[in-house]
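Following this line, the structures themselves.
Both complexes shown next keep subunit A, but they swap its partner, so subunit B is in the first and subunit C is in the second.
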Partner chain A sequence: MRNLAIFVLGGAALLALPHGLSFSQQEILVFLTLNILLVSSYRLLTLTGEWSLAHVVIMGVGAYASAIYTKELGIWVPVSILLGGATAALLAVLLSFPLFRMKGFYFLIGSFAAGEIIRLLWKRFRDPFGGAKGIKGIDPMPDFSIGIYDFDFFEPISYYYLSCAVVAVCLWILWRIERSPVGLTFHAVHWQDRLAEASGVNLRAYRTLAFSIASGFAGISGALMAHYVGTINPNSFDVDLMVFVLTWAIVGGTATFYGPILGCVVLTVLNEIVLREMGFEQMRPLIYGLIMILSILFLPKGLESLVQKIAGKRPGKDTPERSPAQ
Partner chain B sequence: MTQFLEVDNLIMRFGGLTAVDGLSFKVNHGEIHGLIGPNGAGKTTTFNMISGFYKPSGGQVRLRGETISGLRMHEVARRGVVRTFQHSTLFAEMTVMENALVGTHMPFRPNIFAAIIGWDRDDREGARARAREALEFFGLDHLRDEMAGELSHGHQRALGMAVAYASHPDVMLLDEPFTGMNPEETRRMMDLMCRLREDGITILIVEHDMQAIMGLCDNITCMSFGKFLAEGNPAEIRNHPAVIEAYLGGARHVA
Partner chain C sequence: MLDLLAQTGLNAVYAASYISLIAVGLVLIFGVMGVINFAHGELYMAGAYTVVLLYTDLAVPFFVAVAAGLIFVGCLGLAMERALFRPLRDNPLGGLVASIGFLMILQALAVMGFGVRMEHIPPVTQSVIEFSDRVRLPVARLYVIVAAVVLLTALWVFLKKTRFGWALRAAAQDPEAAALQGISINQTARIAMFIGAGLAGIAGALTAPLVSVNPHMGHSVIVTAFIVIIVGGVGSLEGAVVASVAYALVHTFVTTFYDGVIADIVGLSLMLLVLIIKPTGLFGSADRA
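Presenting the complex of A and B:
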């Protein structure tokens, strides 16, 4: 009953949220929603202990794929968004063959190289990727009406509602996966891969599984972005955004499901709204960096450790209770 | 008749060093078989080859006539040969129950689609029941919600075995299970191993604690410097001149 009340209140707050914001803030809100999916899918990969630097490029794979499907093949936009995610997941499976010959730091570097190769391919081939200028004039989501509300996708509010719904479903799936025996196996692969393997866990298969699921959801997030902005180019998915994803995950903390989301929300609000309002236009990256250093120094376990302290959980036991009972 | 578990002319070379050199022995179904030898004899290397952690340079390991050497570790495990590790290799950051649940990976293989929709409730309950059974067997049930890394050393060793036991193995490979246990814990663990044998689980054990080995094993293989030295029941091994020489040094070395 209490959970239901929180759920209803939270949903109402999310619905009401954009109406109190300016137009540019509403646009930021859409990106924030998509970035939440991006960073949450990234966390699924980090469950297995591997950190990739190709995640944003793979998000771009979803965006490019969805854009090309609608432009060249004339596929209906909602379907092509899902196909974009599927393409990203499939590409991740292919990439896993060379990449998962490596672990840890080597995987990090290898994934960075793989991502750059993909980006260079986009730049090199004007057909169908559009070269350095990218793809322009991507079909927007078709407008539709659900009776009580008319979705008009030139309005950021409408697109915010749509992406909220999609992201909520995706987050629910990610949450279910993490709480399941599959999620437990991801943790096992992370903490002691030898013992996991001795228990019959196919390490390569589980690493590939985590990588492709994470990539699939990143692809959906990228596809949603492509149809919102209407134009994508190789530089929309460069390493800058990857650094942002990493800072959200690190500042938020990756031990809990909500940690990276918290990091994403707090840092975005700080960067885009608070610092802008205070008039630090040019100095924003400087202050952003300072905040990051301070948070690593004084909150090494991330923002989530603060939440846990406030919620009165035992310190040190920051792994979530993921008893697969429920 | 095919042997249950057969090690046939196993060779392992690390560069110029031959750690295991043409080792052969057989393990009968349902027995506790000891593998002993002085330090550096190649016991753990042999273990690593049987369990698939190393790929042998030569020779074969056969389980019920099927060659399992050269398979990957999880493939060996899926054929029923499950190992424990020398040190307390556990998922230290996970609870005791979760450790045991990972052990149930093989009998209750997770299915991601069923898990998302929620159709795997029976499997999850079965896995929990099996995990709890394994924990109860090793007397760890009351520690279910503790972090594995915070257990005492004896409990950690027992948990390592519970994780292996949870997967319904045919053969358990135990790598020095008694290390760091006090005599009381050792005796209790020996009782548990006898009960495992009654369950029909074949145990291959590497151990330095001679009292435990002699009291527990049906058959013992002794190796030295990577080579087969002697085989027999505990009484035979105890009085075998080659074994005594390997452990204490030959008469010609004495003064």
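Presenting the complex of A and C:
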């Protein structure tokens, strides 16, 4: 009963949220929603203990794939968004063959190299990727009406509602995966890899599974972004955005499901709303960098540890304690 | 054809010089401190901007500006060690994140101080050594080559022949055992950071008149340095130098005969290949990471 009330109130708040904001803030809200999916999918990968630097490029794979499917093959946009996610997941399976020969630091650097190679391929080959200028004029979501509300996808509010719905479903799936035996195995792969292997768990297969699921959802997030913005190019998915994703995850903390989401929301609000409105335009990266340093120095377990402290937290019975930085 | 080969070879030697200065610094920091310094490209940028400020704006002699660049960036390294890497010593991922934060701060400072535009730096010297009609080496590039050879030799002597060098190598191999022998870990970390950062700084200072100086120049440099230290073997100084030469040769020749983007792809693919076949690199041992 209490859960239902929270659910209804939360849903109503999410529906009402964009109406109090300016147009540009509504646009930021759309990106925030997509970034939440991006960073949550990233967390699924970190469950197995691997930190990738290719996640944003994989998101781009979803965006490029979906854009090309609609443009070249004329596939209906909602279907091609899902296909974009599937393409990203498939590419992750392919990438897993070279990348999962490595672990830890080497995986980090290896994934970075793989991501940069993909980005350079987009840049080099004008057909079909559009070269350095990227793909322009990507088909928008077709407008539709559900009786009480007309979706007009040039309006950020409409796109916000759509992406909210998609992201909510994706987050629910990610949540279910984590709570399933598969998710528990991911934990085991990270914390007890020898023991897990001795118990007959195929480590490589589970790492690949986590990598491809995470990549699939990142791809959906990228495809949603491509059909909203309308143009994508190799620089939309560069290291800068990857650094942000890494920061959200680390500042928020990765021990809980909500940690990275919290990090993403808090830092985005701080970055876009507070700093931009206050006119610190040029100083924003500086302040952002300071926040990163201060939070890793003084809050190494992330914002979620603050939340747990305030909530008078009982020690997590289902998520083992993990520090974000190993 | 022979001319073209010789000219490309010369270009490769020049590229190898400044790449190895940067990569050796990165390896030294990683070896002693165990952190990947993502801000290394921005230390290089800071060296270049020291020259912009002193040589271009204040008309200080070029080599004084270069020396100032080495010392200033070395001190930046000391500050990083004290403020970031020392508190985060047991937390390599934390060190990496902190260095990314530091990178953003340095970039923002450069943008605020100098603007995003490319800086124009008057050439230090116009003279060119002509080997033949089409094989020429600008003297400004020769400075970089000479500096790299001298500095890297000096570093090698320092590491292999002096007591500090012994201490440094011991701390890199096994910090705890070194501490038990009375070697100050903080002291060796300071020396490694000063040298590592200083090398990046002098590379930036010397190449400032030859490249486009802008607040984002560190990005491509750090990617190159990563490739080099992976191919050479993380933690191996000799490996970093050899890999710099190999990478510079491959990259310069592919750029000349195909194009720059393909050269980047080839470089990254080489690194991926090394990671797959021999993750410890050509000269690496499995000690660290």
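FYI, the second predicted complex is superposed on the first by the 313 of 326 C-alpha atoms of A that agree within 3 Å, B and C clash if a C-alpha of one lies under 4 Å from a C-alpha of the other, contacts with A are read in each partner's own complex, and residues count from 1 in each chain.
Definition applied: contacts are C-beta pairs under 8 Å (C-beta built on N, C-alpha and C of every residue); 3 or more make two chains touch, one makes a residue touch a chain.
Please read these numbers as outputs of a predicted model, since none were measured by experiment.
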Partner chain in contact with A:R101 - subunit B first, subunit C second, else both or neither: second
First (subunit B), second (subunit C), both or neither touched by A:G219: neither
First (subunit B), second (subunit C), both or neither touched by A:A196: first
Which superposed partner A:I173 touches (first subunit B, second subunit C, both, neither): first
Touching partner for A:P181 - first (subunit B), second (subunit C), both, neither: first
Dominant toucher of subunit A (residue count), subunit B or subunit C: C
On subunit A, the residue positions that both subunit B and subunit C contact, one per complex: 324-325
For the subunit B and subunit A complex, residues of the former touching the latter: 51, 53, 72-74, 77-78, 82-85, 89-94, 97-98, 101-103, 105-106, 108, 110-112, 115-116, 118, 120, 123-124, 127-128, 147, 163-164, 167
Subunit A to subunit B touching residues, read off their complex: 173, 176-177, 180-182, 184-185, 187-188, 191-192, 194-203, 209, 213, 317, 319, 322-325
Complex contact set, residues of subunit C against subunit A: 36, 83-84, 87-88, 91-94, 97-98, 100-105, 107-109, 111-112, 219, 223, 226-227, 230, 234, 261-262, 264-265, 268-269, 271-272, 275-276, 279, 289
Complex contact set, residues of subunit A against subunit C: 51, 98, 101-102, 104-106, 109-110, 112-114, 116-117, 120-121, 123-124, 239, 243, 246-247, 250, 282-286, 288-293, 296-297, 300, 324-326
